[in-house]
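Letters A, B, C and D mark the chains in the order given here, with residues in each chain numbered from 1 onward.
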Amino acid sequence: MSFGDLKISEKLVPKNYMSLGVAAQRSKQRAFKELLEERKWPEHGWPDEHIEELVHQVAGLDSNNFGHNVGMGEREARIACKLVARRHYNFGHGIGRSGDLLEAQPKAAGSTLLANLTNSLLQQLIQMLGIRSCRCCFLVPVATGMTLTLCFQSLRKSRPLAKYVLWSRIDQKSCFKAITAAGLQPIIIAGTLLPEEKALITNVAAFEQQLAQLDPAQILCLYTTTSCFAPRNSDDIVAIAKLAANAGVPHVINNAYGLQCSKLTHQLEQAQRVGRVDYFVQSTDKNLMVPVGGAIVASFDEQSLQQVASTYAGRASSSQTLDVFMTLLSLGRDGYLRLVSERKQNFLYLRERLQEFAATHGERVPDTKMNGISLALTLETLSAIGITSLGAMLHTRGVSGVRVVPMGVNKSIDGYEFANFGAHHEDYKQPYLTVAAALGVTRPEIDKFFTVLDRCWTEYKKMKATSLDLSSTK
Amino acid sequence: MSFGDLKISEKLVPKNYMSLGVAAQRSKQRAFKELLEERKWPEHGWPDEHIEELVHQVAGLDSNNFGHNVGMGEREARIACKLVARRHYNFGHGIGRSGDLLEAQPKAAGSTLLANLTNSLLQQLIQMLGIRSCRCCFLVPVATGMTLTLCFQSLRKSRPLAKYVLWSRIDQKSCFKAITAAGLQPIIIAGTLLPEEKALITNVAAFEQQLAQLDPAQILCLYTTTSCFAPRNSDDIVAIAKLAANAGVPHVINNAYGLQCSKLTHQLEQAQRVGRVDYFVQSTDKNLMVPVGGAIVASFDEQSLQQVASTYAGRASSSQTLDVFMTLLSLGRDGYLRLVSERKQNFLYLRERLQEFAATHGERVPDTKMNGISLALTLETLSAIGITSLGAMLHTRGVSGVRVVPMGVNKSIDGYEFANFGAHHEDYKQPYLTVAAALGVTRPEIDKFFTVLDRCWTEYKKMKATSLDLSSTK
Amino acid sequence: MSFGDLKISEKLVPKNYMSLGVAAQRSKQRAFKELLEERKWPEHGWPDEHIEELVHQVAGLDSNNFGHNVGMGEREARIACKLVARRHYNFGHGIGRSGDLLEAQPKAAGSTLLANLTNSLLQQLIQMLGIRSCRCCFLVPVATGMTLTLCFQSLRKSRPLAKYVLWSRIDQKSCFKAITAAGLQPIIIAGTLLPEEKALITNVAAFEQQLAQLDPAQILCLYTTTSCFAPRNSDDIVAIAKLAANAGVPHVINNAYGLQCSKLTHQLEQAQRVGRVDYFVQSTDKNLMVPVGGAIVASFDEQSLQQVASTYAGRASSSQTLDVFMTLLSLGRDGYLRLVSERKQNFLYLRERLQEFAATHGERVPDTKMNGISLALTLETLSAIGITSLGAMLHTRGVSGVRVVPMGVNKSIDGYEFANFGAHHEDYKQPYLTVAAALGVTRPEIDKFFTVLDRCWTEYKKMKATSLDLSSTK
Amino acid sequence: MSFGDLKISEKLVPKNYMSLGVAAQRSKQRAFKELLEERKWPEHGWPDEHIEELVHQVAGLDSNNFGHNVGMGEREARIACKLVARRHYNFGHGIGRSGDLLEAQPKAAGSTLLANLTNSLLQQLIQMLGIRSCRCCFLVPVATGMTLTLCFQSLRKSRPLAKYVLWSRIDQKSCFKAITAAGLQPIIIAGTLLPEEKALITNVAAFEQQLAQLDPAQILCLYTTTSCFAPRNSDDIVAIAKLAANAGVPHVINNAYGLQCSKLTHQLEQAQRVGRVDYFVQSTDKNLMVPVGGAIVASFDEQSLQQVASTYAGRASSSQTLDVFMTLLSLGRDGYLRLVSERKQNFLYLRERLQEFAATHGERVPDTKMNGISLALTLETLSAIGITSLGAMLHTRGVSGVRVVPMGVNKSIDGYEFANFGAHHEDYKQPYLTVAAALGVTRPEIDKFFTVLDRCWTEYKKMKATSLDLSSTK
């Protein structure tokens, strides 16, 4: 509705008083138009009211929101609980159709529009962040692990003989389980340990060797990871991409929380330029600060991506799409860039303070140049037995997300053995902790972290001293 | 907070005026306690305010909602957009962990509690609806098709040689794609056409034959469907369950929208009693009137179900859980039973009116005794060419969900050919339309449907007559 | 924004899928247009989503909601707390200006429109309910008592010598205090007690007598009340209106909750036809089921009403206006009429059951023909001492709103003495209780009331018997 | 509900994961307890979720929110429209009773608590801002003008002969109409014009003279104003308070938006210390950034204030109370102080820039030391004819709140004549504009204002030059 088109009686409101309001409405409507017609991510964030208005308008295009819809099918998007309807802005039909996650729904023009527009904005996001060659992407309403599984399932369709995934080891279960969930066999390639830096990098030679030994047709893909916990570095995706290109084998990259880090996005662009990248997958919660549950699968080739969409069996939730759509409008391009730049500053600040702390306590911060998000701190001067209780101490005092990694834990996952699990490498020999400067962290949080760490450090030492005393007097 | 425990000054409110309010609060708190301690689905629906209060309280147990949380991890459930946070009641951590969809999250006691409690309520729902032996179930935040894929992937772990799925044909893409998405090979078993009834039933003998011919170790499972479009009937899951038991082969049932129909739930209970059922999967949107995007996988054996959960790679959205939780509290046991009973009445009414319509127009309603939701109407007296335009006519007039099925459409899906796709059988020879009486349909909708159908019927005939005239005069 | 006017790419959504959504949007926009251009109260209630959309659009016309407003005044409707802004849909400017409650605000076209449109809808409501000659009305964001004070203050401007208000006694404090708050002197005219009916009616002769005795210029107005607690009847406003007309003295009617009762609205129309009515005032909470805090002042003459508006010093809250606006749209004409007709049915049911109860217990229901909302029940057979504890008993058991009126209470208000306060007349000699069938009461509530009443009645008798026993044995 | 008191099964969530959540809940509950038991305004603002939780809990104490309330009265706070109920958090009963605005309601313990607690917090606010002797205050749900009327009506009860109000002229209608609305006669005392400063101050001598001439019993009160548009200064309330004390005549102060300015609050405290102040009234919207519609009446004597409350006829809206309550919790003491200090900085910045602008354009900023909010700029160098169009120009360009005051406008209000209305004094001879630095204004707004002003200034001059040309060529 446009007030400018209505003949509103002077009895309701004088014409000249209306004029400014009409102008303000027009400027809002221009913004709507630009978004819907040109599919352009707005430069500046929108106020909440405009976002909600647009979302409501779009939801009104779905048949379950028509005044007098007669629903004679088995699925008519009726919503029993008003609170549920409200929190979904009356979207009920989900996205996709039984054949394809990207297919339009005849009953749900609004949901269809929402999904496609969000995917279009996401592509602009990815390009803005440095991956300029990205041709297309779409939001999958399952998290990163399952989305990687989906990519593998999709690749299998065109590589019917393939059963192996060559995987650069990273000790996060879901990365690994993404392979077994698809019914494929991982070939685990341990990283290379740099003794000086106390850091891990990709063992490119080992990949090469495996490629030489195996029948390429039996290899589904090479599978690397960018964002990860220090002291592991991002995989050398550029080198692996070259191998993939040469061998004619697909290459899938787990870029879980890598969008927020320009170091990683530039590597991605570079990998594509000089080698082969079939899919790269990133989490929506970690990169866009929405609730857990979605991932973006992206590609440099539209056809390939379409295959992933058509592998997905059936319709899917539009809830994640809605979260991402609203968040992108709320931030705007400049708002997102501000977040990214603040994160970078905070990372530098965290590193500096961590190095100071290490220096004071006779520890080290492993030198992980290719990790722009996570940092490790060695725990050599602390008693190694029961070291994980240091993590519990921090958690109890309100610090979440610190991982204390003990040594010598062996773990079996889906029948595969991992020696020294947690440390990404069987030969990493000292315990450490990791912290991250992720999107949204604030400087006061970092400051408070060090206050608490300091307190816990002292307490832990004292506790151990006491228990040693106790045991020595026994 | 309990007002009864506070010493509130008489200057704020006289004690005797408070007492009734305190009593009312106590009764609400008793309801909360009963739900949380005994995990009992309330008999009567709760008012919106109580639901929201509980949900907020539970969300307050997650670390991202602690006043002074310091988040030093890579995933701290920060939510950038206030509107998004609000619509998720500040839940951000999702459910599950990287290893398992049912694992508890240290950072998110609230999300964990929400997920487990919802699963517990869902089990009570399934049992109340007649599947009394159901031992456990859980909500998967992907829709039915993908959940079936997940079941197949899970079965594969204990049946490493299996590659075939014996599937009773049903012409819904996502049912079929659930198999191929898992990288398995379907063996398609066409139903038996009953000429008298003009209906389709399961070809049990053909299943038997396949079981005899194939190596059981190569068979992943038998895969049947209950709820479906008429004139297909529900599969004879009791007979197939017996075959499965005898052959020692798993049996997975797609019970997509079957929970709402007691005929089907009783069959399910019976199938388990006399045979083998490993998993049965149902949609949350169709059975619980929530937005699309979730499914319930259930089993008669806790161990088996646990395997499905641990197959899921990574964390997942808690949005679907929240929808289901709120809906179950909003309806209460009696509210849900009322919906189910109204649906049944509406189904009988729809059938009666459809039979009248058929009688008037020289058509038939195929006799599908084992289909308590969907009904078909033959379209023999109408011109078959361009018959799908009848569906478009209805849709344009506000009737959604009617499927008009033409004959002779052949379709290829993932490399498999389906003759006469849409009709579930290559020999079904006349076009028909289907309508359903699903949960939430109302009598006025049914009445309006017949008004519109009548109008479109006439119009279609007239249109065809005209075009025939035109062609005859050519 | 109109989707029909946008060129939305087929990449976002296919054109034919959009068309139904566009049609649905158009029908909503027609409804908006009709409301805003023709100021017509919709026949049927609107869905919540449409109401909120319109309210947001209208709020967007106020300057505080313009994107780049620069506020250099002392009052710019900035809202500090987001929750407050949200609950007011970002309306902040209130209504009226310093000179006049009905004046338009240059900064707030939206608030102005909202206020005027609401007043227009209210006039249609009043006319629909039978007061067809009503020329205009407006919502005052203070409750009935203060609105009556405002009417008196307004009348005083044109009657500078007036100091008396001739008032037909009703024992509700705010009715009386409306006079003294304006600094005027009440002349209290007791009603006439009908011994047979045990009811009270207006003492018209006493009014006549006072008019004869006093200088008309010193009389500000005659002041009557329609809706009231039984056994008082509505005042004979037709007779008093005739006296007012003959004497050339204004007549103000307190119609607090009388709009919901056609008996009273027809009297009002009649009073105007044959006599003089200057203002009639009704509560918004009681007649429209909104939170307490507003009243509607109405008149048969536009000029007179304008004077009331211009008496109000300053701007006022628009919160009440918003409540009424949303409620009127939510109900629609037919929704409101349904409420009114249900109330009438419930009144008849309550009377019938009360008469049965009275018959059973040897009591009476006073015969109050001119009271269509409240009913009394004598309490002659119960011990009169401590009779109010019967009310407390009911309240404790969840029954609110029953008044138990004891005899012989004398009260002084603002220096005026009321003998037998609460009973409206000094000679009413037996205690009684009152109950009402007000808008929104339900039949199950009435049934439960009688269950509780019966239990309390027995308990009270038993308690009194015990205490008598005790005292007799002393 | 306290999670710590519940026995929650480990099946729902592991105990150790719960413990942090329980601790977080406990800290929230401590905050609730402190507020409710000690009635202490929190030092730091609360998150939205806590505010809403508390508000919902308090609303749950009102009988309309009891699960099985049976409402048999004529006013049971039923709310017809769900949206309305939601926006009021289900509060429906309003505040006060028919006799008194501060009386507790038996049916509404929650509303009663809300009102009294809010008044208690407001008193702490007033004291914190420097008026330490303030003994009590309460929120009146009508704006400043009507609240002043209420004070006058209240004073009249104890001064039955009084008919005059001695008023220091200020050209804002509602200040003046507050007198006439109460049926009283203003005696208008023009200020003193300081030619050097081009500013206005109180004419104390004229007050003294009037007090000497009139019978004190006929004077209701002296009536002064603090916050006002420059070039008027705040009245010399200290001097007038002394006169009031000496003459034994009440003194009422309109402190409309004066709470935000420490200069004025200190004067108020001082006035009370050395003289007499009966009531001082301030707007909630201007001082607390809530929507228009409430005022705070405060006093140094509890008894006096009680009289105002008991003058109010009937129940009143609790909507304003809710806004203020939520805002105070949202800001906290430190949040409010931050706003106040920012405002002061912005005032100084605005003055500095205005003085620069004046210097550049040959104008002056009148020297108004006793006005810490509003500033004037003379418009001597511009053509005086049609000068108000300069204001319209600014408004059209998005600057609201600037008043352009032309000379020589005469106005009659309620029969009283004001020469040179708008300028507060008949002898003020040059046009000027006023701007304010009110609570919430931002520095970018001020900067943008000057950009726009500069542009409009040039344009206005050009326009006038052109029209002069045109007229000279005629």
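In this text, contacts are C-beta pairs under 8 Å (C-beta built on N, C-alpha and C of every residue); 3 or more make two chains touch, one makes a residue touch a chain.
Chain by chain, the UniProt names read as follows: A, B, C, D = O-phosphoseryl-tRNA(Sec) selenium transferase.
Keep in mind that what you see is a predicted model, and the values were worked out from it rather than measured.
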Number of hops, subunit B to subunit D, where each hop joins two touching chains: 1
Chain whose mean Cα position lies farthest from subunit D: B
Type of subunit A:subunit B copy interface by residue overlap (half), same or different: same
Subunit B-subunit C separation of Cα centroids, rounded to whole Å: 49
Approximate Å spacing (C-alpha centroids) for the pair subunit C, subunit D: 29
Chain centre separation (subunit A, subunit C; CA means) in Å: 57
Multi-chain contact sites of subunit B, meaning residues that touch two or more partners: 20, 52, 63, 66, 82, 106, 395
Touch-based graph of the chains, sorted into line, ring, star, complete or other: complete
Subunit D residues within the subunit A interface of the complex: 20, 82, 395-396, 398
Sites on subunit B touched by subunit A in the complex: 48, 51-52, 63, 66, 68-84, 87-89, 91-94, 97-99, 106-107, 141-146, 148-149, 153, 156-157, 172-175, 177-178, 180-183, 227, 229, 257, 283, 285-286, 288-294, 311-320, 322-323, 326-327, 330-331, 339, 373-374, 395, 398-403, 413-414, 435-436, 438-441, 445-446, 448-449, 452
Subunit B residues within the subunit D interface of the complex: 1-3, 6-9, 11-14, 17-18, 20-22, 24-25, 27-29, 32-33, 36-37, 39, 47, 49, 52-54, 56-57, 60-63, 65-67, 90, 104-106, 108-110, 112-113, 116-117, 120
